[in-house]
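Below, chain A partners chain B and then partners chain C, in two separate complexes.
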Partner chain A sequence: MILLKLISWPYARKHLLRATLTTVGIVLGVAVFVGIHLANGSVLAAFNRTVDRIAGKAQLQITAGEPGFDEEVLERVQALPEVGVAVPAIEAPVETGLKGQGNLLILGVDMTGDRSLRDYDLEGEGEQEEVVEDPLVFLAQPDSLIVTREFASRNGLRIDSRLSLGTMEGPRQFTVRGIMRSEGLGAAFGGNLAVMDIYAAQKVFGRGRRFDRIDVAAAEGVSIADCRRAIQAALGPGFQIEPPSSRGKQFESLLRVYSMLMNVNSLFALFIGVFLIYNSFAIAVTQRRPEIGILRALGATRGQIRALFLGEGALAGLFGSIAGVLAGIVMARVLAGYTTSVMQGVYGVSESAREIEASPGLIAAALAMGMAASLVGAFLPARNAARVDPVQALQKGKYQVLTAGENRARRIAAALLAAGALTPLLFTRSRPAFYMGYVMMALCALLLTPTLALWLARLFRPLLRWIRPVEGALAADSLLQAPRRTSATVAAVMLSLALVIGLAGLARAGYAAIQEWLDTTLNPDLYVSASSNLVTRSYHFPDSMTSELRALEGVEEIQRVRSSRILFRGGVVMLVSLEMESIARRTPRRRPVAGDLAAMHRLAAQGKAVIISESLAQLQNLRMGDILEVAAPRGLLRLPVAGILRDYSDQQGSIFLDRSVYLRWWNDSSADIFRIYLKPGVRAEDLKARILERFAGQRRLFVLLNHEVREYILRLTDQWFGMSYIQLAVAVLVAVLGIVNTLTVSIADRRRELGILRAVGGLAAQIRGTIWMEALAIGLISLALGLGLGAVNLLYDIEMARRDFAGMTLDYRYPFGMALALVPILLGAAWVSALAPAETAVRGSLTEALEYE
Partner chain B sequence: MIRLFSVSRHFNGKRRVTALEDVDLEVARGEMVSIVGPSGSGKSTLLNLIGGLDRPSSGTIHIDGRDLTRLGDDDLTRLRRDKIGFIFQFFNLLPSLNCLENVALPLHLRGWDRRKIALRAAELLEMVNLTDRAGHLPEELSGGERQRVAIARALAFNPPVLLADEPTGNLDSHTGASILALMHDLHDRLDATLLIVTHDPAVAQSCPRTVALRDARLVRDERR
Partner chain C sequence: MSNAPRYIRPPRLFLALLLALSAWAQDPRRIVEESQRRTRSGSQMYEGDLQVVDARRRVSQKRWRYRRMGSYGDSKALLRFTAPPDVKGVALLVVNHPDRASDQWMWTPAIGRDRRIALQDRSTRFFGTDFSFEDLEERDVDQFDFTLLGAETIDGALCWKIESRPRKKSQYTSSHLWIRQDNYVPARLDNFIKDEVVRRLFYRQVERIQEIWTARELDMTDLRRNSRTILRLEKVRYNVPLQEEEFTVQALRREQ
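Moving on, here comes the complex of A and B:
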C-alpha cells in the first residue's frame, strides 16, 4: 500500500492523461455490459410487471398460442370442480394516434366475473361511481372504456371524455367511463392500459367468437398443480396451462438473439479494455525500469514489485468500473428505447421500460468484471516488472526490441493455434470445439501482430520516406524501434476492425439472401394487412372479406395468410397458414434447402405434411421426414416435414401448413394478410385506391404495394444490422484511444529526437507532420491486418449465424464496400487522434527536450 | 553579429530561480569566444538563449541584426536553421538515421532538391573526414566520429553563428583535442562566429576571447 502511495500515485499524477485513457477501456466495456443488461432487464422487468399486474390473482393462464381458441372452452374449464374462477381475456395493443403516446394495451375482460381476479381500484367521481361499480351499466354501453389515471392525466381525459381507437371497422369513438388509480393493474404497461368489455374487444380486433386466454384461480383447497392437471386432462395437449410468470420466459426467448449479439459487443468492448490496460502497463513498465531497478536494489522483492503493478491494475479497474457502471446507467436509458423499437419492429411485441433499475447483483458483477479485466491486462506487465534485473535496469538499453527467439516462439505458438482453429471448422459440429477454435483464431492473430506490424512498418518506410524524407522516415523508424509500444494498439484496432468486417459481411450476405427471398417469394402486387406494419397481429380480417376483395375489378388471385406465434418444443415459433397450391404456382423460382419444391407443396396442400424454414431446421435440428408435433386446440397435430425453405419472416423459425389444416385444427378462419395478384394491365396504385374506397369506414386495413413491403423489410433489416454501425463506432473509438495512448508515449519516448529536429530547423508543421505520419502509419498497419483478419472472422461469423443465431446459411461475401469505407474513416480517426499529441510535441520546452535523459 | 542587452532568465516554480541576470554581451562577426563558469552559473542558459532554443524573461537578443525576442516560433526556427549551427555535448544525432541522413536532416527540413541534398551532405561529410562512414548508424561510430557528424550537420548551411555546448565534454582528451582542432580549422576556413561553452581550461585558453559567468551574472570578459 505504501508503495502505491509513494511510487504509483506520483507516476499516475504525472501521467494523468495516460492514466485516464487507460481506464477508459474498462469504462467502455463495463458501461456497454451494464447498459445492455440494464436495458434488456428493464424491458423484461417492465414486461413481467405488466404480466403480473394484468394477471391479478390468476394462478394459471390457459392459452393456445396467438390464434386463441373458441368460447366454448371457457365453459369446459368453468365446469371443472378444481377451478375456482375462470375468466376470459383478450389482450392486444392498439395505436392511439395520440402524439407521443405510442400503443395502448387493451385488456378485454368479462366485467361480471373478472373483478374476483383483478382489482380495478377505480377512482369515484360522484354519480359515475355507480357506472363502474355496476358492471351491467358498464356492459350496457359497448363503447365503455376504463383508462388509468396516468394515461388520463397525460391526455387530459376525464370521465365521459371521448377517445378514438382504431378498430377492425375503422376508427371508432370510445367513452371513458372509469379511471383506475395508478397502482396495481393501473400501473401495467407503463400506465398505457385500457380495459373494455371482452365482447367489444372481440369486435374491435376481429377475433370472432374467440378468446386469447383464460385466467384461472384454483378452487379453495385445490393446489395449483392439481388444478393444472385437471384442466390439461379436460382440454388435451393443444393447450398450454402455465402460471402467468411463464410469459416472461417466452418474451425473454424473443430477446435471446438480440441479447446475445449485444453481449458479444459488451464482451468485445471489455476485451479492448484489457488491451488498453495491457498496453499502458507494458509501456509503464518499460519507462519505469530504472525506478524498478532502484526499488529492487533497495531490497524490494519480486513479489512486492508484482503486487505494486497488480495493485495499480486493480485500482484502475475499480475506478474504471465505477465510472463504467454510472455511464452504463445513462446508456441503458438510450438502449432501452432502441431495444423496444427493435422488439416492436422485428417481433411485433412492444414493452417500453420507463424506469431503469440497477440491481445490486448486476452492479457487483460489473465491478468484478471490470476489476478482473483490468487485472488480466496488468498481469503480464506485472510479471515482466517482477523479472527486471536491477543491474540491467539501471543501465541504458533497448528493452522494446523483440528478440529473434521471442519471435520464433510466437510464430510456433501461432502456427499451432491456427491448426487448432481450423480443425473444428472443417471436421466437427461440436459447439464447444467450434467456439474454442474461434478463440484460438483470435489468439493466433494476436501472437502474430507484433511480427506482422514490424514487417508492414518496414514495407511502408520507403513509401513514407518518399512522401516526406524526414518526417516519413522518422515516423516509420519510431514504429520499428518500439514494436511493443505499437503492437497492442494495432492488435486492439485489428480485432475491432475484424469484428466490423465480420458483421458487415454478415449484413451483406444477409441482405443478398433476403433480397433473393423477396424476389422469389414476396411477389404479389399488393398486400392488404390488418396492421400498419406486417408483424403486429392484433387485428384479424374475417374470411368473408376474401370474396369482397375478389369482387373488385382487376383482382386476379388472392392468397390468405394467417400467421401466429405458437409454442413449439418449449420455444416460440411462427405458424403460417397459406394456400399451398396457389403459393406453389406463384413462387416457382424458390430454391429449396431440402426436398422438391413441387412435391413439398403438393403434400402440404393435401394436408399430409408441413414445410419448415431453414432457420427452424437449424435451430431445432430438424430434418426431412421428421414428424413435427404441434399443439393445437383440437389436439396434437402430427405431420412430417416435406420440405425446407429459406424464409426470413421470423427469426425463431416458421412452420408452414395449408390453410385447410389450420382451419381444421385451430378452427380459425381469419386472416392477417391478403396477398393479391393483379390481372394483366391493371395498375397496382389503381387497385389500391379501389380497395381503400370500397372498405372506407367499414374496415381497418392497410394496402401496401410490393415495393413498399420490400422497402419496409429492408428497413427492418437495416435496423437489425444497425449493430454493425455501433461496432464501427466502437472500432473508431478504440482506434482513437489506442492511437492517442501510443502517440502520447511515443512523444515522451521521442522527446529528445523531436527536440533535435526542432533545434536543427524543423518547423512546427514539420514536427506535426511526423506525428501525424506515425499515426497514419499505425492506422494503415491496423487496417491491413484488420481487413485481413476480418476475412477470416467472417468465415466464423457465417458459421455462427448458421449454428446459433438465426439458423441462416449465408454465402461468403467479403464486404468490400465497408472495407473501402473503413480506409478514410480509420485514417481520419488516426489523424484526429494525432492532433492533440502533435500539439504537445510542438509546444514542449526545447531546452528540456534536449537535456532529457 | 550577436548583441545581448540586459538579458535575464528566470524560472518560476515553487520558488523563483534566476538562471541569468542582466547580461550584456556583444560578439563581432568571426570572433571565437569561450564561455566558462562553474556548474549552474548560467553558461548553457546563455547559449540556449543566443541559439533561440529558449526565450529570455527580459532584455533583447539580436542575431545578425534581428531581434530574437520579437520573432514567432516558426520565424525563430527559420533563423536557427539558416543562421545558427549547434554542436552538443551528447551529439544529439538521430539514432535511426545513418551519418549521411543525419547530416542531410536540416537540408531536407529546408525543402532542398534531393539531388542537391545528396551532393551537399557528401561534401559536408568529406569536410569532417567521414566519407567512408556515410552509411553507418550513430551507434556504430566512436564518440569523436559522432561529434564530427554533429559538426558536419551544424555546418549544413554555412551558418554565420556556431554554438557549441561542451563539445569535448563527452570525449577522451585525445579525441577532444582533435575535435577542438577541427573546430579551429573550420572557424578559420568558414569565418563563422563561434561560441563554446566549456569546463575545459584548455578549450577556453584556445579561444581569443573568454567570457566568465558566476551566479547568473557575467563577471569577466577577457580578450587575449
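Moving on, here comes the complex of A and C:
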C-alpha cells in the first residue's frame, strides 16, 4: 500500500492521460457487456411484466403457434372438470394512424367470461364503478373499444370518442366505450393496448372462427400440473400448454443471436483492453526500470515488486470497470432500442423499458470481469518487473531483445496451439471444443507475433530505407532492436484488424448469399401483402381473394403464402405453407443444400415430405430423411425431410410444406402474401395500380414491386452488418492508442540515441521523420499480420455463423475491399499517433537527453 | 293446562293434527317449494322494460321480449332486445337443465354471429344490470338449507322470513327471503356476503294473471355500487303454445 502511494500514484499522476487511455479497453468491454445485458434484461423484464398483466390470473395458456386454432377447442377445454376458467384471446397489433403513437396491441377477449381472469380496472368514481357504460352495447357493436387512460390522455380521447384503426377492410372508425386505468392490464405495452370483443376482432382482423390462445385458471383444489395434464390429454400433442411466463422465454430465444453477437463484441473489447493494459504496463515497467532497480537494491523483494504492479493493474481495472458500468448503463438505453425493435418485429408492438434496472449480480460480474481482464493484462509486465536485475536495468535496450531460447519456446507452443485450433474445426461438432479452438488460434497468433513482427521488420527495412534512407533505416533498426516493445501494440492492432476482416468477410459472404437467394427465389413480379413490411402477420387475407386477384387483367399466376411462427423442439421456427408445384416451376435455379430440387418439391406437393431451411438443419442438427414432428391443432404431423434449401426469411429456421397439408392440419385457408407473376408484356406498375383500385376501401393491402422487396431486404441486411463499422472504429482507436504508447516508450528508450543524433547535426525534420517512419512501420507490420490473421479468423467466423448464429453456410469470400480500405486508414492512424510523440522527441531537452554521456 | 276445565281443553287428536299442520306449514323448505309450485306454468311470454339507474343517477333503458317454454329446472328461454337501436336484435337463448348449469348462447346481429356464453363466474353482472347471472338462475330447493327466522310485514303483507344457505359454490354466503303468507309470492330477497347485504330485491305490483300470482315489478339494488335496476313486466301471458324450434341456436340467428 505504501509502495502504491509513494511509487505508483506519482507516476500515474504524471501520466494521467495515458493511464486514462489505458483503461479505455476495459471501459469499452465492461460497458458493452453491461449495456447489452441491462438492455436485454430490462426490456425482457418489462415484457414479462406485460405478459403477466395481459395474462391476468391465467395460470396456463393454450396455444398452437401463430396460426391459432378452431373455436371448438374452447368448449373442449371448458368441459374439463380440472379447468376452472378458460377464456379465449386474440392479439393483433394495429396501426393507429396517430402521429407518434406507433402500433396499438388489440387484445380481443370475450367480455362475458373474461373478467373472471383479467382485471380491467376500469375508470370510474367508485371502486366498483363501470365505465363501459353499457356492456351490452359494447358487445353488440363491433366498433367498441376499451383504451388505457394513458393512451386516451395522450390522444385526447374520451368515452364515445372515435378512433381510426387499420383493419382487414382498410381504416375503420372505432368508438371508445371504456377507459382502463393505467395500472394492471392498462400498463401493458406502455399503455398502447386496447381491448375489444373477441368476435368483433375475428371479423376485423380476418381471423375466421379461430382463436390465438386460451387462457386458463385451474379449478379450485386442482394443481396446475394436473390441470395441464388433463388439457394435454384432451387436446393431444398439437397444442402447447405452458404458463404465461414461457412467452418471455420464447422472446429470449429470439434475442439469442443478437445477444451472442454483442457478447462476442464485449469480449473483443475486453481482449483489446487486456492488450492496452499490457501495453501500458510494459511501458511503465520500461520507464520505471531504474526506479525498480533502486527499489530492488534497497531490499524490495520480487514479490513486493510484482504485487506493486498487480495492485496498479487491479486499481486500473477497478476504475475502468466502474466507468464501464456507468457507460454501460447509458449504452443500455441505446441498445434497448434494438431489443425493442426485435420485439416490434415479433409482437408488432414495442415494449420499451422505462427503467434500466441494474442487478447487483450483474454489476459484480462486470466489475470482476473488468478487474480480471486488467490483472491478466498486467500479469506479464508485473512478472517482468519482478525479474528486473538492477545491473541489467542500466543496460538500456538490452531487455527488449528476445532470446533465441524464448523464441523457440514460443514457436513450439504456437505449433501446439495451431494443432489444437485446427482439430475441432476439422473433426468435431462440439461447441466447447470449437470455441476452445478459436481461443487457441488467437493465442497461437499472439505467441508468434514477436517473431513475425521481427521478420516483417527485416522485410520492410529495405522499403523504409528506399522511402527515406536515413530515417527509414533508423526506424527499422529501432523495431529490430526492441521487438518486445513493438509486439504488444502489433498484437493488439492485429487482433482488432483480424476481427474487422472476419466480420467484413462474414458480411460480404452473407450479402452474396442473400443476393443469390433474392435472385433465385424471390422472383415474382409483385407481392400483395397484408402488412407494409411483409413481416407483420396480424392481418390475413381470406382465400376468396385469390380468385378476385386472378380475375384481374395481366395476372398469369398467383402463389399463396401463409407464414406463421410455431413452437418446434422448444424453440420458435417459421412454418411456411406454399403451393409447392408452382414454386418448383417458378424457382428452378435454386441451389439446394441437400436433395434434388425437383424431387423435394414433388414429394412436398404430394404431402409426403417437408423441405427445411439450411439454418433449421444446422441449428437443430437435422438431416435428409429425418422425420420432423410438428405440433398442429389436428395432432402431431410427422413428415420426412425431403430437401434442405438456403432461405433467409427467418433466423431461427423455416419449415416449408404444401398448402394442402397446412389446410388439412391447421384448418386455416388464409394467406399473408400473394406472389404474383405477370403475363408477358404487362407492366408491374400497371397491375399494381389495378390491384389497388380493385380493392380500394375494401381490403387493407400493400402491393410491392419486386425491386421494392429486394431493396427492403438488402436494407435490413445492411443494418444487421452495420456493426462491422463500429468494430472498425474500435480497431482504429486501438491502433492509435497502441502506437502512441509504443512510440512514447520508444522515444523514452531512445532519448539518448535521439539526443546524440541532434547533437551531431540531425535536423528536427529528420528526427520527426524517424518517429513517423517507425509509426508507419508498426502500422505496416500490424496490417500485414492483421490482414493475414483476419483470413484465418474469417474461417472461424463462417463456421460460427453456420454452427451457432444463424445456421448459414456461407462461401469463403475474403473482403479485399475492406482490406484495401484498411491500409490508408491504419497508416493514417499510425501517422496521426506519431505526431505528438515526434514533437516530444524534437522538442525535448538536449541536455537532459545527453545527461548520461 | 292441566288445571283448565275439561271442556275448554281441545281434543287430544285435534291438538296433534294442529301441531302437525303447523309444523308442515312452518317448514321453510316446504314454504319455498310451495311458492315455486304456485308460479309454475308450461310457458310464459312478456315484454320487459328495464331501467338501470347507476351511482351517478344516470338512467339507461332497454326493452326486450321474453319467451319461456317448460318450467323450473327444465326450461328454455329466449330473450330478445327490442330497444334502444344499438342493441336491437341482440338475443340470448338459455337452456336450463335440472342436473347442471344452463347452456347459453348470444346472438349479436351487427357482427352477424352467435356465441356460446361460457359462464364460469356466475357473479358476473348480467349485461350491465344489477342482476348477476346467478340471480337470474332458477333455484332448486335441494341446493339450499333453509331456516325459518320468523315473520315480518313487507308492504303491509305478513311474510315468512326464511334464511337460505347454498350447499354449492355461490357468490353469496346466505340470503334472506320474505314470502307472503297469504299467497306464497316472494316479497323481498336480501343477499349476503358474510354479514353484509350486497343486493336487495323487491317483488312489487303483484297481480294474479291467469291464476298465477305474478310480481310485475322487480326492483334490484346493488348496495355496494349504489345502483338500481327496475324490471317491469308487461303483457304477461302464461301457458301460450310455443314450439321447440323457437328455442334453438338457428332460431336465435333467424329471428330479428
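What we mean here is this: the second predicted complex is superposed on the first by the 745 of 853 C-alpha atoms of A that agree within 3 Å, B and C clash if a C-alpha of one lies under 4 Å from a C-alpha of the other, contacts with A are read in each partner's own complex, and residues count from 1 in each chain.
Definition applied: a contact is a pair of C-beta atoms (placed from the backbone, for glycine too) under 8 Å apart; a residue touches a chain by one contact, two chains touch by 3 or more.
Quantities reported herein were computed from a predicted structural model and do not represent experimental measurements.
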Touched partner set for A:A86, first chain B, second chain C, both or neither: second
Partner chain(s) touched by A:A759 [first = chain B, second = chain C, both, neither]: first
Partner chain(s) touched by A:L474 [first = chain B, second = chain C, both, neither]: first
Touched partner set for A:L74, first chain B, second chain C, both or neither: second
Chain B versus chain C as contact partner of A:R586, first or second or both or neither: neither
Chain B versus chain C as contact partner of A:R803, first or second or both or neither: neither
Of chain B and chain C, the chain that contacts the larger number of chain A residues: C
In the complex with chain A, residue positions of chain C that touch it: 54-56, 60, 62, 81, 86-87, 90, 106, 108-113, 115-121, 124-125, 127-128, 169, 222, 224-226
Footprint of chain B on chain A - complex, ascending: 469-470, 473-474, 477, 480-481, 752-753, 755-766, 845-847, 850
Chain A residues touching chain C - in the complex, by the definition given at the top: 74-75, 78, 84-87, 110, 112-113, 115-116, 125-126, 128-130, 132-137, 139-142, 197, 199-200, 203, 220
Chain B residues within the chain A interface of the complex: 44, 48, 51, 53-54, 73-74, 77-78, 80-82, 86, 88, 92-97, 101, 104-106, 108-110, 114, 153, 156
